[in-house]
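Before anything else, here's the structure in question.
Chain nomenclature is as follows: A, B, C and D, assigned in order of appearance, with residue numbering initiated at 1 for each chain independently.
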């Protein structure tokens, strides 16, 4: 079943493990068909703009484990996102009513001489520095292009220091060049967690449900508590001990299986913690299915049905009112794959048209291989077909899509892309908290947010009047897939 | 019509003393109680942007410090003593005698005393600014009109000269920066500005040139209108009243085009100047777009203004007109004359029908707090005085002090006027928010 | 009716609720020039007479002092029955309030202040109806434990009857409400405002003692930090700093303390004497504990009033020994440096003692008024006499913040340092290029350790006079060439 | 030997990409890993004053996004594909190819590929900025020298009034845009024509082509830019004026303007008239704030600590000491200036006669800095002027804090500047806004 082999520190990339691709142009139903039949192939682009790498995704999770430290074995540029994760950390602590503090991050700051003579001696020093400075319960060593190409034996140093310091020291093979699909970074981070942190269960806690999340607010406890369950949000803002006891929970659910696929499958494979296989909890249909799957897994079917009924009733009136106001509006979504599907289904549930979606990559299957969890299938089945393009944040392609489709509102979920919607004069907003649109109350929050953006488009109009796009007139007339080569 | 005020944000007519301090080498002489001068210096200056006494304010203020004797038997003799001393001790080009409550109430004939000195050649005027007569904004107008009335004589017209009457010195902590900004912007149109207050003014020489101007430009909510009308009667000078703060790309250009027309300046030159300024402004507007679109956390979508109509309308047109924010509530706190209320309602409503928020005329902290409590979970951006910090904390809202009294900021030459003023305001608002969330 | 009779009549009307102004109660004056010894002599002989100035600059009024103390009582409200201008000092008090709360880990909140904002109409038809509304509004908005109504020139002149409104409101609301007769024009000595405030506290807040706390010492203070524990705890006593940052409950029990002491007798004279007169709480008469000699004497008097005589002597000896080495270093560093003090009397005299103990050469002082005597009338409380015990010939002036006199004087004597206590004077001094050290925390120089703390602060300020030098180079004083060449006190009339 | 870094205050040489973004209509092309450019944009631009993409930064940057295949078989073919695409898709006047670690480590011959295009008349240059080579200050110099050496031709005639300005490093200095504008206004005020090369209205490729026409190169920074001026001196003989201190406030700005005027032999009176007018305005407001400095009753910071690049550490400390009478405690220089420049930097810190001169520490590691600062006690709360990393340290020491050094995560910066007469007033306003905001 799953390829989780905790003896080995590295794992295959998403391309190798799940057949993931970063380029596609066509209908959602075609993409689903190609994925199901295993015939989906990547079409490399000749001209490309920069995208993101696995190192960012790995550090984004590990840097927020409150009593762990991250040593980035790399030149200082790879620490470019330290500032962002530090702000995420401080803001998250303030939101959780705790004193804000800087994240526990160190870079070995590899230079020219390290590239020639090797930086292992520096890596040892950095791990010891991290130990003295932060007294962490665990240290994660994140690798880089430079450390890989210069042949650093990061695993040997990590094992030696683990011995010396008597705390887990785990390597994370998130070298940038290894994968075009930056979410490989989540998988290698979870692999390090499964290898070195998660412990066999001391005593089962069936009422506890692992929820694999980013940094969003806890919207799960309010729902779970009403059916006698306890939400255990991981990995951000958790501590090493709580992560170690993931194996004791009654089930694992995800708000986005692009994020949690490897960890959820790993916990089931290694400690038989059942992974709830369901589409993501966005929109009425998605949330109902997700809750029912959870109910079946933890034998709370009756309580879940009552919960679903009461929530449908509670949001009914305002949902109708929002649908009335949003009727006729067209939205366009650009986000990571599963989360993109979720946002598209939320727009449809709010009674809006969806002109299409641009998703940063596509996994034809998940680690659990179960079609019930396939969010694209769910989207097409429940909310109808729509044009889909897959591009790893190629702004020049996205601009042409938006200029052609002219949606009323453009919804984005990744840094760096929303500004281009704004510059086209399209009301645009970033999904800041990925739980904002989640489940029943999320539907209403999201509807109200769309109305805010549409009600006062002055900023976008103003921006588009004065901002000049960096593209030639020639390019703006081309179709978005002009630079996509045929599949290799 | 004055109401009981909790946490007042403007003071009494004698507060006009600060407008005299703002005229280079002008000396206020207070014929009032011993404590008035110092109280008004702290309330309008020291603890309102920490504006100090400069040349003739603070401890240098001249005062008769009337006591029981002057109340019971009159203070005119005391006033003569102090004026004699001032003319010898205080090195000034203009002396302005201001009455306080005590001397106004007991009916000292100050005008007569002061007129005698003027007849003997002293550059001295008198303004009836007893505290109970009205606010310090009213006091400011009374003093300006007194100088115009008692000191100015007809002058040869100077082409392209524009008198500038803007926000009340010291009361608006950004008054000096505003005047410099207006001077620079009008210079861009080829106009020569005659500033009557602040470091760029030539003091008494500027005041003597007032009748020579071809245009009186009143850039404030309502203060200065009576002066423009007086000057029109006396010297036939036309005036342009611009009641909202010109801030940001759209509003500043609209203001400059109106001035170009009123001052009959060549439209071509103006357009070239506007293009260059707008291009620069929008370079930074574009570079900040990522922040407004992609900042991940809690940027407020609504805002509240608790200030005078000049700043309230100007800032609303920037935040709603250019940055897409939604107005939650407006408070107009400088007690404008009743006949201006209708016009002010119009100025706020110009944005667009659905963006209209309730507008309340009040200067009472208790009423402002009560009405804001009607929006418990809106967590808006509150732009008002430092008094509003408590209600902002209570609503876990963001807050920036932009109005008197401004006890939490030091203001030097800062200003929110014009294209650069908008960039300054946006930097100040969002830096305050960023610092609070982490 | 002659002038005196009219004024006597007004005073009598006030004596029921108000306090007599210092000019009459303590023979206080605002104009004097001569030597310290002469002033002590004349005052002691009861012959001290006011010398009025023809030309004057604006000073401060009793409304400022009264509102400052009352606005910092954390659960009371102050209603200023006045036009809005009299509320000019509200922003300052608010910052004092929030800063002090922060220092004492209290939640930061705006001060509870209201103004009835009298207008022209009110001066004709009266405004008591506005005062009634304001009291009810204050009660609703803040649920205060007490309300103080501070009078103004306007309310005084138009004859507003505060008492009738207050009596009725007290019945209805069930909390103490007190008028404060701090009309600005009544006194040239703004310290009268403290007396008016303390008079209202004595009349309406302080209660007979339920249970004596002999080891607690009331200390009447401004807003400085608590450096008194450093002096009193070692001899088994506990300071009770009042009135700022206290609550009404705490003020009710002022009558239970073992004694009342001052950090500045000019500030606390009326309250301390009142507590002794009405509740038998003994007042510490010797000058406040600044400088070695005065601290010894103050501690000894506190000790024998509270039966701590045994512990005090060894403590004094130990403290003097502990600070001696560093004190000597400071004395050498400051030896020969000329110093001048411009401040309120008692605290100014304390600064004079501290500067002399630190080795400065005191070349003169100018205090903002002079009380011929204190309420308790005991000559041992004469802080000027204590400060100039060894230097009675020191040139000494009295002027209620007349900057034009001070600047004229300082230009001539060019001291190396001026210690200045009241706001808005430091700028004029600095424009002469003379380092001016503002006394922000008035307790920092207190007691034995205070000498070292204050020495450190002075050294810091003297080390880098760049700001004063820049101001001297780039600004112009507002005084004519003529005036700067006149004798500094030539505007002072003859004593009357 | 670069030590491990806890909280980075600069990034790798690929940071030079932001200097290309700062040139009007210039397009950077990153030949390296898929995530490098995004990380640099995050660290140096967005989370540093929230400076956005602008014309062609952020996600608009073309990149080869090297993967395993490019490591094993080399990425030159991939580079050609991306350059071809960029020339067609991106509307730019200048293209700069920057190499990341992968390309430089596997030895792609990027220089040859790029020169092929240049020979065909394409305005394109290449800088080898593999991340391990050093910090982005070096990256900035490498990019500028690449443009000079690969694109500029000697001038036909010298313009006596034109001066090239090599000062703050775009984006590394969060206030670079406002600062360069202020420097240009000061130089134009005394009669010169300032070629600031970066930022709004700086003339793009046209301005770069006029570099050789300049009569002088002004290096207005302690050390960054000296090597650029050296290359220009060798190639075009342009004389160099090195003024190591960023002028903040009246004293320093006047000294700076007089030094430049003397070097450029400008007529005396117009320079003095300009200085007199600007000083008058500055001292009017300093006078108006003097009451505050003298009578502010509460914990005004007694000591100030700088933790920033050498250019700010010098400029800020001289202003606070020479004009506001503040006392310098430790002055931490974080941009690791090369050894040979450290003595000039130490010497240029404000020297006060008695015991007020400060200890200069060269370090860019927060842990080391924290240990050094905790050694000394402070009577009054100290004022820490550093980066956002130092907020916790300031709180722990009960002090005040203002972020001006990279990364500035707690402020939105547009065209705010601390340079010159007006800049000094802005700095006073911002310092005391943070002090007063705590009450």
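In the analysis below, a contact is a pair of C-beta atoms (placed from the backbone, for glycine too) under 8 Å apart; a residue touches a chain by one contact, two chains touch by 3 or more.
From a predicted model like this one, the values you see are computed outputs, not experimental measurements.
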Is the C-beta contact count larger for B-D or for A-D?
-> A-D
Quick one: which chain's Cα centre is the longest way from subunit B's?
-> A
Could you please state the distance in Å, as a whole number, between where the Cα atoms of subunit B are centred and where those of subunit C are centred?
-> 35
Quick one: subunit C and subunit D, Cα centre-to-centre, how many Å?
-> 52
Residues of subunit D touching at least two other chains | 46, 52-53, 55, 58, 286-287, 290-291, 295-296, 388, 409, 439
Two or more other chains in contact with one residue: find those residues in subunit C.
-> 95, 423-424, 427, 475
Which subunit B residues touch at least two other chains?
-> 46, 52-53, 58, 286, 289-290, 294-295, 407, 438
Full enumeration of touching chain pairs | A-B, A-D, B-C, B-D, C-D
Spell out the residues on subunit A that touch subunit B in their complex, using ranges where they run on.
-> 87-88, 90-91, 94-95, 100, 412, 415-416, 418-419, 421-423, 428-430, 432-433, 452-453, 455-460, 462-463, 466-467
List of subunit C residues in touch with subunit D within their complex = 95-96, 98-99, 102, 108, 423-424, 426-427, 430, 436, 438, 440-441, 453, 456-457, 460-461, 463-468, 470-471, 474-475
Contacts from subunit D onto subunit A in the complex sit at residues 1-8, 10-15, 27, 30, 32-44, 46-48, 52-53, 55-56, 58-68, 70-71, 81-82, 84-86, 88-92, 100-102, 105-106, 130-136, 366-367, 388-389, 392, 407, 409
Which of the residues in subunit B end up touching subunit D in this complex?
-> 45-46, 50-54, 58, 176, 180, 199-200, 279-280, 283-284, 286-291, 294-295, 407-414, 420, 423-424, 426-427, 430-432, 434-435, 438
Quick one: in the complex, what on subunit D touches subunit B?
-> 46, 50-55, 58, 177, 200-201, 280-281, 284-292, 295-296, 388, 391, 409-416, 422, 425-426, 428-429, 432-434, 436-437, 439
